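In what comes next, chain A is part of two complexes: it sits with chain B in the first one and with chain C in the second one.
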Partner chain A sequence: MKPARRQMADYGLAAALLVVLAALMLLSPAFRDPANLIGIGRQVAILGIAAAAMTFVILAGEIDLSVGAVASAAAVVTAIALAEGYGIWALPIGLAVGAGFGLLNGLLVVYVAIPSFIATLVSFFIAQGVALTLTGGRTILFDAEWFRQLFATGVFAGNRAAFWWLLAVALLMWWLLARTRFGANIYALGGDAESAGMLGLPVARLRLAIFTLTGALMGLVGMILIARIGNARADGAIGLEFDAIAAAVIGGTRLGGGAGSMPRTMLGVALIGILNNGLAILNIDFNTQQVIKGVLVIAVVLIDRWARGGREVPE
Partner chain B sequence: MPGWRKVPRVLLELSHITKRFPGVLALDDARFALAAGEVHALMGENGAGKSTLMKIASGLFQPDAGEIRIDGRAVRLSGPASAKAAGIHTVFQELTVLPNRSVAENLMIGREPVRAGGLWLDRGALIRAAQRILDDLGIPLEATAPAGRLSTGQRQMVEIARASAQIPRVLILDEPTSSLGRAEEELLFSLVRRLSERGVGIIYITHRMSEVFALSDRITVLRDGRYVLSGATADLDRTALIRAMVGRDVAEDRHGTADDDLPVVLEVERLARGTAVRGASLSLKAGEVLGMAGLMGAGRTELARLIAGIDRPDSGGMTLFGKPYAPAGIGEALARGVAYASEDRKRLGLVLPLSVADNIALPSLRRLAPLGVIGPNRIAGFARDWMERLGVRAAGPGVAVDTLSGGNQQKVALAKWLATAPRVILLDEPTRGVDVGAKAEIYALIRQLATDGAAILAISSELPELLQISDRIAVMAQGRVAGILPAETATEESLLDLSFTEAAETAA
Partner chain C sequence: MTVSIRFAWRLVAAFAAATSLMTATSAIAQESCLGTAEALNLTDAQAAEIAARDLTFGFLTNNISDDFSRTLVAGAETYAAEIGVELIVNNADFDANTQLSQFDALVQRGVDGIFLTAVDAGSIGQAVRRANQAGIAVFIVGGAPARGDVISVMNAASYQGSYDATAALMAEIGVPNAQIAILGIPFALQTIRDREKGVLDAVGASGGQIISLQSDFSQDRLLELAANVIQANPDLAGIVATWSLAVNAATEAVEQSGRDILIAGYDSEVPGYMELHSGDTNIVALSGQQAALQGRAAIEGLAQSILGAELCEEIITPNLLVTAENYAEMWAIQYPGVTPPWAE
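== the complex of A and B ==
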């Protein structure tokens, strides 16, 4: 039993997506080429996975500014491991780097009681430092066709591997969030952390799990990144944190926690992906694309506030 | 009568409990023993340590010293989860209902029904189980309703349902009726009786004497963190109890005198908003306390919010000192001398992490710091003055409000608005959670404000309180003012009678 406004906001995002899609299809034959449309799915893989993780973090009332730097560090370490001939062992190594930074975030937030904004900023600097030290500012080249196929370029059932990784992660995260007690607890934590503690929820363990999971997913993002382009740089994924936050917020995730959902975040990801792709095809330059993203975030936030009745004072 | 009722088995025993917070000794060698099947009232002034003791029994705080025994065995309650595992369930004074979740999700938190070995939440079962709990208890709520939209009283019922549905062995209720209406109170009382008959030990904290005598088998009193006495309710009377709590006698008498010649300050005419307020009219006079009675959902708080500028009316109008008054927000209302002390101090009244002084001074800053420069000494002095007038018990004006006991937070919330020197004062449940001694002080203060010329509207669900502080008493029913009685001649019965007035009868 949702009020009409709320429902409109729920569908509003999907409607906006369809409008943008239809407009771009009318405007550009190159855009409506099926190969291009399918391609969007893998173009948003990295953003999508990061946004899925960020949705968890924001829902729990936290923020993670380190995702781009951690993904970059994991990418560099994985590339070095591949270049040094570690072969399949490069995968657990890359994941462990990501999960390790995530755990560090969690430990800082839970046991040192540092706000996540600061804690993940610390990790951001450490991860950047590690990546820069390891690369010495150079680009790391590696030669592992199997790796590139597995994480990005291989084609399965009509789409690239990167897309399938996104789909798998999105489904996993949806299930965790919407269909497990873990997910219910995350909503509770984001709704009111103090109450959650008084209710006996394992607040510390939840926070550790959320940050560690996010870190591990950034390991995966790092691997997809280098598999796609075939080399690794220390700043490979820097800036990803802001795109991930933007996608989650466009999807209706409330900063501060407690409200949002995985399907809606994915709609936000799709909207950004379609816009980026379409605007690039229409030869609109990157800077203008950034401005459009900014306008989009504001529009969505305003619509969301309107849908919630626009009241600042609680009833 | 089953045999165990005659030889009560001690379920929970707290002994030699000491708990120190920075600057406060909250509990000092306190003790408490609860038998199976008894309703045990825990009483004491604001800040006496009742909630702290119960938080220790709920695993939320660790005592600095002392022992907890369950069924005679010493235990350590390392957290709320371990207390629950031992069968101790608590309705805390600070409500813990999660605003962003549905009623069902709140009720079933931590024990959501799952399928496939815990891999899959069963949403259908969750909603059905929650609805069954609500229906069994007779709580008229939809399990799927978002909890954020519930009134304070409804949220309190959700808490009570959550704790009692988990088959507790010990049920702790910390001021459970503080925002309940009469019907809900009855539901709670019958639930308490039912559970105690089944052998559940119930600890009941309240400042309302009538509840204590109606409900409890035993009473334990704390004062300043220390154990004062414990005895069968039948052996104690009101005066003895108050003396044990406060350490002196407290006068309780009526003041009210309705005076038709007082100048009208605020005229409210046929205000309406949504379904809550449907054409309410009344007038507030300088120097008069107008009490306001009514059942939960009668529209009292909603009406006050309209007068306070928080909400805008759909229709109807107001005049203040003879001029049209249609405040666009709280700021405008305050500027014109209308202040509203909310019933919901957690959401509207207080900035919990800020200090007592900052909270009290906040709405008065314009006056205290006309040039925008805030002198900390000036604010501390200002706050200390108001803390004294209301008897706020805190280590000093600099401590954060969220470390105060519930009743003392209420006094700070009140001080904050009174300090703006308003000419019209709207008080919504001004003594919720306030102890008898402090209540008397607040009553005296309200009378003093009226004598000084303020026009006061005092909403309360405690009829004895209304009879004590008011000059006239308005009764709201179904969004309208069903009648206004002089307090001198009104009785609890006549007020209740009016509360049940049907909409059709007040339509005139």
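== the complex of A and C ==
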């Protein structure tokens, strides 16, 4: 590969992000306002955490279509717990709901041998049903300012809590993936599950851990969501799965598994967040926004693929 | 040449006369049809006759995940039970294909009438035709189906409701050239267009200007959009939110911004009522659809049709203008029999 092309492969996505950023900064004074740029960090918190979790799942050669419904169910249960006066206990309850659904996904995939596409679709329906049953279609209100401050609205070191949660999760997931045996095993599992098993990797435990971790993170996403908007609905995070998959794939994560990285997924998240923010500030209507985002994203992906010339995303 | 002109003139005159006759006939027909929720009310004798007929109605709702749909279902169920009609309720959960299957199942079962809030009025037409062939009356909320005949289409007063709420907002702002943003939903439905037109007309009438129109389906994304619009427009005076989640998002975004931006909204659900109850809110007025009234009117409309009455093509139910001064009174009208959230 030519040096220029190699440079493009390594830094093309970041360069594309900078070009989009620069264009929006030139077009809109309001966009380049530092307060707005800082605000983008909290606006992508939910998507960022979901995309980080999805990167783990995809790297392992699996898919999780239940993340939006699980986050919604965890959000509803947490809101009810807060409204019923459970206080701090609402946090482990919400996380447990998410982790529980994640464990269910893992058990279905590992021990019932159902493909993750189907298993997580089953969980999607169950989680949605649970959330609808619990809410009866109503919006759940709760009064817990401490909770909202802790997960979303509180300001720490110049940014909102939601952004710091994203940063913490992204760093943790990057460390797990790039610096631990657990992460190396995930790459091996996604690269070739059969060989990974023959090499003695604990494939079943790995899959269980990945799905359970993803579920627990969806519990966290549910909590950040209701802390941000101040109430909970059964359909609060439905559709999140597609945005999370999109962010991971834009970041170069191979849908078949085994290739991708956390920093690049975060670049994908940033690209989506910056486009959402900038296009809204330019007052471009919803339909046109969708077209512009689609065209820009496919352009970035194609340029990135051309630059890599078939080479996989570096770890 | 003269003959041709005379002939053409007679043709025009004949066409004009025919048009006048048709208009007059239509006006007479409109006068004789039942065109309001009140007009649909059953007398005691009619209710007794319906009870004696042992009827079954089907109710297909496009979802039950919002307060409007839940209240609509509750209104229909309560009144159906009151007059001894069995009501079968199916939820399509926004899936047009599911709703088609549910519709066909009701036709197959031979129910006496079907009431629906369509997921997609365009795709339900063939099913409505099958109901027509089976002699089953169909009553719809929202928009008329592309094919088939319905006894009537019921709608909330979308235009007037959003006009009134926006007019209240503009009066409260009280400044010429006030900058207003609209936060909406990207559905290409007539009711949404009517709501937006109501906002545009009310803002235009008071000399204000619309500086932004943003929309989305999710409350989290609407919160982002509202925050971005507030951030980008330092002179923004008001936000008009044209559906329930946009009201919640606008309220939250204004609160988080710390700015004194006033809000008007279409839809008045629990979070909006709680805001008004709090006594410390930027919401000036909310336009509330009377879902319970619509649910009852739907049952009465089907019953009236079975008893031989003719319903007008469209039945409009008036909206309520909910403010900090009248919210308790409006709750009792909008959600009859439901304990207010501030009293729980």
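As a convention for this text, the second predicted complex is superposed on the first by the 290 of 315 C-alpha atoms of A that agree within 3 Å, B and C clash if a C-alpha of one lies under 4 Å from a C-alpha of the other, contacts with A are read in each partner's own complex, and residues count from 1 in each chain.
Here is the rule we go by: a contact is a pair of C-beta atoms (placed from the backbone, for glycine too) under 8 Å apart; a residue touches a chain by one contact, two chains touch by 3 or more.
Predicted model only: the values in this text are computed from it and were never measured.
**Q** After lining both complexes up on chain A, report clash or fit for chain B versus chain C.
**A** Fit: chain B and chain C sit side by side once superposed on chain A.
**Q** Of the partners chain B and chain C, which touch A:119 in the superposed model: first, second, both, neither?
**A** Neither partner.
**Q** Would you sort A:73 into first (chain B), second (chain C), both or neither based on which partner it touches?
**A** neither
**Q** May I ask for the angle at the C-alpha centre of chain A between those of chain B and chain C, rounded to a multiple of 10 degrees?
**A** 130
**Q** Between chain B and chain C, pick out the one touching the greater number of residues of chain A.
**A** C
**Q** Contact-wise, after the overlay, does A:228 reach chain B, chain C, both or neither (first, second, both, neither)?
**A** A:228 sits against chain C, while chain B stays out of touch.
**Q** Touch check for A:30: first (chain B), second (chain C), both, or neither?
**A** After superposition on chain A, A:30 lies in contact with chain C alone.
**Q** Who does A:103 touch here: chain B (first), chain C (second), both, or neither?
**A** A:103 sits against neither chain B nor chain C.
**Q** Between chain B (first) and chain C (second), which does A:141 come into contact with in this model arrangement: first, second, both, or neither?
**A** Second partner only.
**Q** Taking the superposed arrangement, what is the smallest distance in Å from a C-alpha atom of chain B to one of chain C?
**A** Nearest C-alpha pair, chain B versus chain C: 32 Å apart.
**Q** Would you please give the residues of chain A that touch chain B in one complex and also touch chain C in the other complex?
**A** none
**Q** Quick check on the complex: what are the chain A residues that touch chain C?
**A** Counting only chain A, the residues touching chain C are 28, 30-31, 33, 35-36, 39, 43, 46, 132, 135-139, 141, 153, 225, 228-231, 233-237, 239, 276-277, 280-281, 283, 285-287.
**Q** Sort out for me which residues of chain B touch chain A in the complex.
**A** Chain B reaches chain A through residues 59-60, 79-81, 83-84, 92, 94-101, 105, 109-110, 112, 114, 118-121, 142, 144-145, 148-149, 310, 330, 344, 347-348.
**Q** Across the complex, what residues on chain A touch chain B?
**A** These residues of chain A touch chain B: 1, 178-181, 183-185, 187-188, 190-192, 194-202, 258-259, 313-315.
**Q** Of all residues in chain C, which touch chain A in the complex?
**A** 63-67, 69-70, 186, 211-221, 223-225, 227-229, 231-233, 248-249, 252, 256, 269-271, 274, 341
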